[in-house]
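Per-chain numbering from 1; labels A, B, C, D and E assigned in written order.
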Amino acid sequence: MIVRESPSSLKLFFVMQGSVVPKIYGRIISVALLSAIVLLIDQHVVTLPHISIGAMGIFGVALSLFLGFRNNAAYDRWWEARKLWGSIISDVRNLGRHLCLFVGDGADREHILSCAVAFAHLHRGFLRNVDVRTDVVPWIGEEKTTAMMAQQNPADAALRSMADQVGRLIEKDAISGFGQMTISQTLSAMAEAQAGCERIVTTPLPFVYSLLVRRTTYLYCWLLPFALIDSTSWFAPVFVAIVAYVFFGLQSVTNELELPFRKVQNGLPLDAMCRTVEISVSEALGREAPAERAPVNHVLT
Amino acid sequence: MIVRESPSSLKLFFVMQGSVVPKIYGRIISVALLSAIVLLIDQHVVTLPHISIGAMGIFGVALSLFLGFRNNAAYDRWWEARKLWGSIISDVRNLGRHLCLFVGDGADREHILSCAVAFAHLHRGFLRNVDVRTDVVPWIGEEKTTAMMAQQNPADAALRSMADQVGRLIEKDAISGFGQMTISQTLSAMAEAQAGCERIVTTPLPFVYSLLVRRTTYLYCWLLPFALIDSTSWFAPVFVAIVAYVFFGLQSVTNELELPFRKVQNGLPLDAMCRTVEISVSEALGREAPAERAPVNHVLT
Amino acid sequence: MIVRESPSSLKLFFVMQGSVVPKIYGRIISVALLSAIVLLIDQHVVTLPHISIGAMGIFGVALSLFLGFRNNAAYDRWWEARKLWGSIISDVRNLGRHLCLFVGDGADREHILSCAVAFAHLHRGFLRNVDVRTDVVPWIGEEKTTAMMAQQNPADAALRSMADQVGRLIEKDAISGFGQMTISQTLSAMAEAQAGCERIVTTPLPFVYSLLVRRTTYLYCWLLPFALIDSTSWFAPVFVAIVAYVFFGLQSVTNELELPFRKVQNGLPLDAMCRTVEISVSEALGREAPAERAPVNHVLT
Amino acid sequence: MIVRESPSSLKLFFVMQGSVVPKIYGRIISVALLSAIVLLIDQHVVTLPHISIGAMGIFGVALSLFLGFRNNAAYDRWWEARKLWGSIISDVRNLGRHLCLFVGDGADREHILSCAVAFAHLHRGFLRNVDVRTDVVPWIGEEKTTAMMAQQNPADAALRSMADQVGRLIEKDAISGFGQMTISQTLSAMAEAQAGCERIVTTPLPFVYSLLVRRTTYLYCWLLPFALIDSTSWFAPVFVAIVAYVFFGLQSVTNELELPFRKVQNGLPLDAMCRTVEISVSEALGREAPAERAPVNHVLT
Amino acid sequence: MIVRESPSSLKLFFVMQGSVVPKIYGRIISVALLSAIVLLIDQHVVTLPHISIGAMGIFGVALSLFLGFRNNAAYDRWWEARKLWGSIISDVRNLGRHLCLFVGDGADREHILSCAVAFAHLHRGFLRNVDVRTDVVPWIGEEKTTAMMAQQNPADAALRSMADQVGRLIEKDAISGFGQMTISQTLSAMAEAQAGCERIVTTPLPFVYSLLVRRTTYLYCWLLPFALIDSTSWFAPVFVAIVAYVFFGLQSVTNELELPFRKVQNGLPLDAMCRTVEISVSEALGREAPAERAPVNHVLT
């Protein structure tokens, strides 16, 4: 995630970071070139068939419809993913308070809360397909880490491990029925947030939309030069480039937001959020908390 | 569900899988032909009445409104269906943890959890109208399977069977009141997700929309050639074909997403999600888990 | 609710059932006639003032905005109503399971569940303003039916009656505190769904929208012929008829969906959903369940 | 709230009640006059600068965007307000049932339920800024009414009073822990609905939108005559009047819906909903229930 | 937040407070000047290339799409933030009632409720990055304030402190299991609202949108003069200024709403809401409540 102030008017057009331009400039330039060539041929070689700008308008409304829909759907996925991680953070804090109330603040609470940090890291590892071993081991030790990571769903294993520890407390009669119920509800809330994230990561937007939207965008930008011969004369290549920037740009943005967990510039800062979980747990355990992750070169991962 | 990387620019126009083109190419070609014939007649035989492109624009905005609404509604149904299955997955995992806490991890837990897997399969069988006998029997045995599948709503029968088993535990005083309440809430959550899926499968979008949208799309594409005589000349057939691709394509997509449980290319991968349930339960029971279902030819069913 | 396959391309234009055409053909024809007359007068009698198609475009965008909003709002009401009935169905199933767990499956459970069926029927009677006596009596008997239907809100009376029966079980100490709490929550869920339906039925969309939208639609369709003189020539009457079909049609659809409980073609199938409740309760009680209601002439009421 | 059948086509244009016309006819007429004057000057005095209709179209799309957004936001507030009152109604009914289960139907229940009616009235008094003393006194007596209305938030005081009464029952050991929890959750639900309504009433839509939308609407309608000189000739004043009706009308509607609790024609019928609460409580207490409030001159307040 | 009546038609155009004009008048004037210069050069020096208004229309639809999306997303954030604070208010009131029921109204309740006020202030301090020491100290004393503010997340520390106090009551056996569960749920609700606000404040809209939208708006307004040469003649500078007002204005509004907690004119009135919390707690404790915060110069902070 990019964290920076909006650039002033002057700098606005030269900021490349976080911009989609580096990804699409090839396409922008080719479309602008096409437009220039069309113009040259039309004026000096042979009159090309023109498309009225009104006809392109109809097409443009349809394309806007597509891109608008896709953009909304992708942003909703991104924001829902952020909400789910936000609820993981508050669930871990709740767990800390519930354990304090119903279990007391001894070693048991420490073990279970450490396991909650492991859960966050393992969940992140699953979503980003990265190895989180070094982040998990300090909290729950080598052995448990290995056991959990041997499972197909390590985060679920972490939740089960927490339940097991609560189960042992029940056997020792160290936790009331109310506590059992409250804590198992909190674990369920964490599991629901986890399943929500898995849903987003395993279920992309229907593939057919990608095809339909991308094809339509290309067709639109390739036809546009024929429509602008009449209506913009020598502005045409500039104008085509701008419109291509808008449409290819929007399409490129939605590609990034659609899968919000990847470690890309506009992805969600899972590392930073895992750190937030670590801070919350550290403070709840009365330990010194690590510092928040700071953005590196305006990017928070 | 189709699972594949977005094709590169080169391949983009030749990917047929997951595309709507195979379903609508007939309509696209006929409209393009119509356009060519209209053009020929207009230029060589008799001047046909023209429709101004502005008038078509008005119509186009209205059509976009329809298609946009229908597309949003269909996508919402598809995504809600996915959410409901996601919550079935997390509910089953929660059930496993709750049983562990309140019942212990003996045979009772195993029976109830197996029944939860049966629930998922039977629910899938209902939604897809397929026979799931062979998937259910390994989990709960011949006899129970037959009994459940004799009911009008086998998935509901599976839930009732789980409740019965909890009921027997209550009679044996083997589960606390807190456990009873927590587990019955989890079963209720599963029942709500199930009823949500039934709602989607039994209640299509109002039929009147289908008529209105389809008729309007046809009328639009048939009138378009008369509007393009003036404004695109010999580009007309190509242009009409593209617009027809956009509008018929969008309409065809929404038909698939509207009923998201069918075994079509853009349907939800119920088989794979049932497998996820099986994996979760297997891991919770300490058994070896089956492998995740892999997409066959990019399609996950 | 209409339940039928989408008609094939051939039949599409001749299906009248579920279509809005029968309701609006008068308006369509009059607008087409007006258009023909305007055209005749303009060409043979006296030149009429023309409206540029661009000006109509502005109007058309505004009208689309109105109709789009109204359509979304009406559909949302329809779908929310369906969701509420879906949750009534799952709440009744949950109630059956909870009674089984906390009360056992004796006569008490049977009485309370029968009362839940009565609740569904009485609620339907309230929403549709029909007499449901004959549906209720077989479940709870003459006397109780009469008593409930004497109340201003019979469905609420059914809920209170269920609470009374649970209250008597409490007095006999036949139900644990956990059971009391779980069951009273389930009854609350039913009451919330009921209040949601009452909200939809007693609160139509603000009247001012109806006026604004309907007036605007008429004005639009009456002005359109003056705008099409220039731009479509002898296509005008056909074109006007199609646009009128689109706009009057959409307005007519939203009128039906706005009040989703009425027994109209696009209304919700309350009878069939009450039958689903009966089936669920019958199966939960181990009785033979009645058959699902089948659509009559493609219509499910 | 206006409750009436949609008028037939004939009457549609003469219904003034519930229409926005009486509020905006001044603006409509002045814009139409301006248009006529512009036309006269342009044709007989001096050629005025024209604005192309295409340019107005761009402006029109932007304006539609504004009005559409504001309309959606205002309607959402209105509908959310209705939902919150709907949940107050069902919460009061739930409270009646819960008290019946956990407290029995003696005088205590009667006192607490009466207090719930007082809550509804006091809440309405706060939202509408009216004196509800005469409605409250019959339910909880002079003294308590005075005490509550002396607080800054009388409805909150009513909730606290209910909690106090439950507290006294706890001291007398007349209510189980389960009952305490269930009832306090119901009171919390009422408090949340109350806070939701307070949120809507104290937080209008951001003022900047009002400015932006109103100014833009005025500018648009004042510029429109210059755009219609070319494109509609003597239709211009009529056309301008219609467009002004549409845009000023929509803006005026959203002003009413934005603050849904005021006693205006399109406001929510708080009086009628408080009566519904009274009916529910009366029936729950076995008293004779008052009649529902009937609309006076089609208006339900 | 600005609290004032909508200005009458006369004043509407001169209200500067709450208007975006002061922020964007520079840009509006430069675009108008550009338009005048373009016009002059085109007519007296050399014919400049024109852009057809239809081409700008296509661009305008795309820009509207962007601005509309961004506006919706920003407003949703603003309104969600308001909802979260609304639920903090009702949660504090609920906490007061729950403590009254389960703990009694002694000193313990007073301490915990005072801590809830501190929570609200500390949370505000975090969101606005201001020092709230002077607001917190009167409620919980110097020492505790210092301890909490030494933590990275002071509001979370306040919640933990409340849990600690409940924990001590548990040790003294002064609160039933039901009370423990109810109160810990209320604390969890507060923590969830807190985490929701943190989510909004730490996660701005994706930076890429800001770039895309701002660049597109600039490009649009700079190209517009070339499109208006033909179609509006000497109206052009005025027209360009108005369109620039609309688009820059909307963009500026969304910048304010996107981060709703800042102390800006259209920000949320956190001070006033903290005062509402203080009033609720004071009335619950039977103390004299402070007066509500009144808007200063129409602005509530």
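Observations on the structure shown:
Keep in mind that, in the parts below, contacts are C-beta pairs under 8 Å (C-beta built on N, C-alpha and C of every residue); 3 or more make two chains touch, one makes a residue touch a chain.
Molecules present, by chain and UniProt name: A, B, C, D, E = Bestrophin.
What you are looking at is a predicted structure, and each value in this text was computed from that prediction instead of being measured.
The best fit of Cα atoms from chain A onto chain C calls for a rotation angle of 145°, in steps of 5. Here the spacing of chain B and chain D, counted between their Cα centres, is 38 Å. Per-chain Cα centroids separate chain B from chain C by 23 Å.
Within chain B, residues 54, 57, 61, 68, 177-178, 181 each touch two or more of the remaining chains.
Taken as a graph of touching chains, this assembly is arranged as a ring, one closed cycle with exactly two partners per chain. On chain B, the positions that touch chain A within their shared complex are 1-4, 6, 9, 12-13, 15, 18-20, 53-54, 56-57, 60-61, 64, 67-68, 71-72, 75, 78, 82-83, 86-87, 89-90, 93-94, 96-98, 100-102, 104, 176-179, 181-182, 186, 227-228, 230-235, 239, 242-243, 245-247, 249-250, 253, 256-257, 265-266, 268, 279-280, 283-284, 289, 292.
Across the complex, chain D is touched by residues 27, 49-52, 54-55, 57-59, 61-63, 65-66, 68-69, 73, 151-153, 156-157, 159-160, 163-164, 166-167, 170, 177-178, 180-181, 184-185, 187-188, 191-192, 194-196, 198-199, 203-204, 206-212, 214-216, 218-219, 223, 226, 255 of chain C.
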